[in-house]
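You will see chain A twice below: alongside chain B first, and alongside chain C after that.
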Partner chain A sequence: MKHPPPPRLLPMLGLLLAGFAHADSPDRPTGGSIAYVLTNMSWAMQSTPGAAECPKGLNEGTREQFKQLFPDNGTKRSFESTQLRREIDGFHPTIAAEPFVYREGEGPVAPGLDLDGIAGPEDFRSPDGHGGIDNQMHRVLGCTANYRGPDGPIRFFEDEMVLRENYNRVVVQLGGVDSLKDDDAVEVRIFRGRDKVLVDAGGLKAVPGGTQRVDLRRGANYIREMHGRISGGVLRTEPVDLLYPWDVFYFPSDQYMYKARLELTLAPTAATGLIGGYVDIETWYLHMIRNWSTHYQSYGNSSAPSIYKAMRRLADAEPDSQTGRNRAISGALATVFTQVNIIEPDPAEYAEALTRRRIAAPYRGMPAERDPAEEQFELPASTPAVAAANGGSR
Partner chain B sequence: MARFRLLPRYRQPWLVFMLALGALLAGESAATAPSVPAVAAVLPEAAASQARMRLLSQEQFFNSLGYVFGPDIAISSHFAPFRRTDGLLASGAAAAGVTIGQMQEFQRTAGAIATAVVSPANRGFLVPCSPRHEDAADARCAARFLVPVARLLHRRAPTREQQAALVATAGEAADRLHDFHAGLGVALEGLLLSPETLFMIERSEPDPSHPGLRRLDGYSLASRLSFFLWNASPDEELLKSAERGELHDAKGLSRTLDRMLASPRLETGVRAFFDDLLRFDDLAVLAKDPAIYPAFSGETVEDAREQTLRTIVDHLLVRQRDYRDLFTTRDTFISPALAVLYGVPAPPGWTPYTSPPDSQRVGLLTQISFLAVHAHPGRSSATLRGKGLREKLLCQQVPRAPPNVDFSIVENPDSTLRTAREKLSAHRSNPICAGCHKITDPIGLALEHFDGAGQYRETEKGAPIDASGTLDGKAFEDVPGLASVLRDNPLLPACLVKRVYSYGTGGPATPADKPVLAWLGEHFAEDGYRLPDLLRTIATSQPFSMVTDPAVATAAGSAAPAVATSAAAGAAAGARR
Partner chain C sequence: MRALRRLVLVAIAGAALAQGSVGLAAERTEAWIPEPMPPGFRVEPSPMDGPVFANAAGRTLYRWPFRVMRNGVTGDARGESACTGVKYTESAGLMSPYPGGLVLPELDTRPACTDVWPPELAPAGAEPIGNWSVITRKDGRQQWAYDGAALYTSVLDRRPGDVLGGDKPEQGFDSPAVREPIAPEPDLPPGFMVNTTLRGRILLTERGFTVYTSDADRRGRSRCIGACAQEWQPLAAPASGRARGDWHIVDRTDGERQWVFRGRPLYRHLADTHVRSLEGTDVPGWNAVYVREVPQPREFTVQQTPAGVVLADAQGKTIYTYTCGDDAPDQLGCDHPSQTQAYRMGLCGGGSAERCLKNFPYVLAAGSSRSGGPLWSVVSIDPRSGHFAGPDAPGVLRVWAFRDRPVYTFAGDPGPGDTNAESLGEFQSERTGYKAFWLHTDVARVEF
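And then the complex of A and B:
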């Protein structure tokens, strides 16, 4: 193969190639370049119809927890000490133990990537038989109806918004591609696009052949460049820290994944597969609590404070330098990308945008974290005692 | 059905029908088929066109209102389309009937416009005065508004009797409704509904420079010029030119044409003509099978039309290039909805686009507006494309297929024949079919590199596509070759001349027009096939202003209708049933 051009030269090359994005053979994109726009995304987890991965059942949500905490037994309570207090527990979560059972997704099978090259005791086996899968997010969300496939409410909406919201326009562009089947060195660029996704006459299905411009003005932070290789039609990239947009219901927000890597099966019109890495918990949770109010949490039995505690409890990466507690959790995104043509930016403007780029998790939690002692749970005597074994952090 | 009289001298409906039919057939006859004269053409001394009475199209009606009241006075309305006559909807305007249903639509539209114009939100700048009492008639203020408006809507100055009738109508309605502006609205509604507004009535007068012959009077010539070049009523300046007699003076007419051809409104007129010529009304009902062509949407249809019209305006008006080069140019404009079919990127909006030199995408024939319209919902059609080219661009008539034709060979999805060429070759083995397919398929097969949505393809069902063919004896190997042969076909500019002349004079060309068309064709060639020059040549030509059928003028002139209220217009419609 020819040595691929360095990423910084891709824009210039792309200018020359604009208008030739169609493949001249099924395996080789014309000009050695092809791009895909993200059109579907959801958290990768095992969701069998019988919920075999949830032998203890599915989680209860915020509505059920509220009833346990504040049973309708004639006790007079203030708004501040009930609804508002639970909102505070959601917006200012702590790792304090809570008296509710949290049901984790269990193994042995879960989709995902082997992020650390180690087959540990908590790792899963992928549906196609690969071991060492790191996906603690499956444990966190796998038994919560809101996130389970195929149509958990939050899962459905988050997936739908990928297509509908321009804010979420993630594009993966490959350069120096000799073959979509096998190429041991390709250049990969991820950026945010500026344009609507082309859809069919029904308005819901993405159609290949659309156009995307590179968002340099507000999208510099999303730009990533990395190396990858294609083997057997599957692209695998080296890990990078990835910032990706995920607006839901017109509420822009971003998520952050450490050491993220792509594993996508490539075709001339689409790319499908996983983005795996370590999810920054605070950033993820900010997205969740801002976008999914108690109203939406009640749709599918999820409880924000409980999810936060589970994430912190099951976190497996990025230990905090002071506390030693992990701040990130392994996970994977199941994605579908659709082929798209790129209008390359001016090279000088692109270079300037890179100087403004900030590669760091955008949110580090509240300046002063809430004292776990403030989060008190007093279940009425009539409530069956539940184990406090969920408490504490790793 | 209430039928307005078409040509005032012919009052019998059957005679009107026969005349209209005769004109239609004559338009397609060999007698007026475009041809290139072997010797220098001479304009006959008495060359003239017909004076006509034409119903305004919806676009002409609203374009005219836009000038009078501003573009914000826009009402959702649906005027019935004309019958396409000799290739043009515009040529059907002189043979249009008005049904009761259409009259109701006119009345609904007129009422809504009148209400909007005199509404509290708009009266401050559309009505030039305030009444002495808001709840009573004010003849002076009513006249200040109604008389200039009547002049613009009727495209001629109202007589004193007409002015008085208008003001009286407004006053009577104001007193009855106890609202000056409501009264004004009633009078305006009547104005908008009057035959003088809805119809372009051409009147003639003796031509002093050609004794015994007649010419359009100044107002009628102004209207003919304005609808020809701007697809709208004359503006104030053009009406003044008509009143000063300048349009019958060579220098005055030249000055007027300088202004009209330089006006941005010329683009509106040119767009309207090509919209008609290329039958873009077909796009309104165009749909593709989304399972086969998922990227073809309603947006694609809209943009396909706009792409071709932008290309035409840029090529013919902005750059003032050779008309024939429209079919070989690689320059166009592209939008995201079209880019997906072109397989190229495009930012939002419209962007200039030049197809690569080795691309098969060249000229108007390879634009989506031609390729997708002349195709089936789920596959291409070499026959429809060949037919479309001959009829729209060469003014030829391809007969309809017989009703009992067997399409099984071309429509069988499981056929062992893979390409359209193979299927049509088999189809032509039927001698009944062969006659027409011989004149359509060799052209259409050249465009088989484009599927039913207009997307380029190298192969069809795995078989290579042979794009070679012939057009009127000229052979070509590929799409650019077809474009080149078409570009050099003398019928191409001759057809345009015929259509533009018909469009300008308001009706299909007749056998008597053949010398005129030949003469215009020669001038078009001498001028480098530039459209603005052709428009000027036609507009200044003798037959554009000189007319036959003096009875139209005398009858219409003596029976010039009083300015009608809506009630009067309705009565007029009833009287002419």
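And then the complex of A and C:
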């Protein structure tokens, strides 16, 4: 039995029927609709060339941690007590203390959004001077080479896959737009497209004017609808819980952000800016541990178990009803969208897809959790890292 | 010679399929091009990998391809065998970033390479024939080789046509150096090829695009003309093309000659975005062509996911296979219940069998289910050890197994269509880990 369309669907159906036509002026899209396809995405953090935000230096990764735990001193060790155990620490992370220093990204500057309207002691100031920026993800990842800009290895590949892989085809469509400069009420729809992005002759740069079909076959879960307003050429939306695809190297994977909102500077050919919200930690970590094996973590000195502990330690939202511990952490995605024309679906098919939409619950981690006591390590007393660990930053 | 290359139909192996255990229609056959073989050697039909070469006892023959790993190389160089009676005790460090020299798990029961991959020895006086040659092992014994690759059988295979030791779906860059069954060339018209998938042997164009048929076509005639043919390109037969076996040619109304397979005209879906894409099957009435299809247990279901279609249990939960190869120089498997379970227990339960059972429960077989041919079977497992057990052993579980290896669901999947454990494991599960049982995926690399 089909469910009746939700009330908010009606204006969206109108948007669908309106279609997109070429703009009759740069600020006023014809038909009141314009769409953009996501072509670049990475975690927003401060990454200055001199790493001023990392006064204690950059983090060491899993390869270095392994050497600290198991120095090459002629001791014969078992596979299970070393390599397999460290893999277990990655796949069954805990909040147990570890004998490594974790270097957090520090302030006072970090990009992001003010998610709670409060200027708290943990908040940053944005590069353009706004206060109250909530971006604990900057603390988690800001001093880990894999994620730092402009070309940390994981940052680079995750960004590249946004353009390359159809699974990741996120589209933002605006409806009811009177002006790309100022409009106090626009309808915003996020969905997954089905098609490759139009690129230039070099193949690496998206260009406007391409087309996208709406993925109603298997993309219903990604459809979100929200209100927004445009002021001074910047779109700001109301918050929604957002499920979004982020496949890396063809291993399908999703992420989940609570109270996500868009802040995009609009132009006829592109939209750039941030998607900010509270990142579901277990979902984020599942994406990371599935897509980035220990080998890839070693490319840019990241350590999955250490990142998990930092995320849990710095989490600032969505407290668990049982434990009271926060399950989400503030963060933002730096994004570039490129204008695209939408091949509108049949309204009835769109409405039917919404009846199949499942607002996916975030991943909750391995149901049978590991006892943190199983993850206790002691570094050999002779290892210099012991002293560093004892004087760790947190 | 012409007669020698004629179409050869493969007999259906294991014709009797157990009640209530298989779902699809009768298995079809697959043709191959005959070639000279050593005395007694033969070709056996395998259920997923197509026709394979077998020795006189019907045991499938495998090779161990030479392979560049992250750190170093392994496998057999041409004309040599690196699979010996040496029982390795330490890891080789072939996979980044860990060092070698770590003492391997369960050494007391760890076999040598030749214990699990017996060399296919050649008798005294054996003569090379065709692609087959004889090489000399380091211990002086003679071993058959095919195209220069030393040949072995697998101790896991029990019946003719079994390919339980290794299979042919494409391996990822970071997979173990696995053994592969050797096979004769498929007998296909020029312009086509066949590939192994979890759903069966799929027919592709020579460039790798999926071949389709339409339900609207009748009696070998195409009804796809005009706009339809703009979207679904009829696969044209050359002037030299001739009908034989399952293959025929039909004259289209536009004057083109179109290939027909088993009575169905063939097409390519021009909107498929990449090679081996199955996007065309999302269009009602259009089907990919399987030369031979793998039957699935009737009690299973099929579920849609954001990335494609998966096989699922009766409750709709995605089914996962587990694959594993160790990091010793001989790259032995660790995903079969007769092999060490240390790696799997580490991944699924952090070393705890109890947590493994909660996180990745076995797919239990219904009371009436029995083995369903050589690919899907019901096996008895001791859940504490993960090894095979007698059917009446205390606490034993009757579980579904694919290729003799148990399959699992993931407790972290809330419901149908979730695939949270897809590629969960070392090197995106290429080395050791879980893979969703994809029947159809939109993502290029997952299925193959």
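We take it that the second predicted complex is superposed on the first by the 360 of 394 C-alpha atoms of A that agree within 3 Å, B and C clash if a C-alpha of one lies under 4 Å from a C-alpha of the other, contacts with A are read in each partner's own complex, and residues count from 1 in each chain.
Just so we're on the same page, a contact is a pair of C-beta atoms (placed from the backbone, for glycine too) under 8 Å apart; a residue touches a chain by one contact, two chains touch by 3 or more.
Bear in mind the structure is a predicted one, so any value in this text is a computation, not a measurement.
Shared-chain residue A:Glu374: touches chain C; no touch with chain B. In the superposed model, A:Asp195 lies in contact with both chain B and chain C.
By the touch criterion defined above, A:Ala119 lies against neither chain B nor chain C after alignment on the C-alpha atoms of chain A.
Of the two partner chains, neither chain B nor chain C is touched by A:Ala270. Looking at the shared chain after the overlay, A:Ile343 reaches chain B, while chain C stays out of its contact range.
More residues of chain A lie in touch with C than with the remaining chain of the pair chain B and chain C. By the touch criterion defined above, A:Thr211 lies against chain B but remains apart from chain C after alignment on the C-alpha atoms of chain A.
Residues 195 of chain A lie in contact with chain B in one complex and with chain C in the other. Put simply, chain A touches chain B in their complex at residues 18-22, 195, 198, 200-202, 205, 207-213, 341-343.
Chain contact summary for the complex, chain A toward chain C: residues 62-63, 66, 72, 76-80, 82-85, 87-88, 91-92, 165-167, 192, 195-196, 217-219, 221-222, 245, 247, 249-252, 254, 286, 289-291, 293-295, 298, 358, 360-361, 363-368, 370, 374.
Chain B makes touch with chain A in their complex at residues 290, 294-298, 336, 339-341, 343-348, 356. Within the complex, the chain C residues that touch chain A are 70, 91, 95-99, 101-105, 174, 273, 282, 304-308, 342-343, 346-347, 349-352, 354-355, 358-359, 411-412, 414-415, 417-420, 422-429, 431, 441-446.
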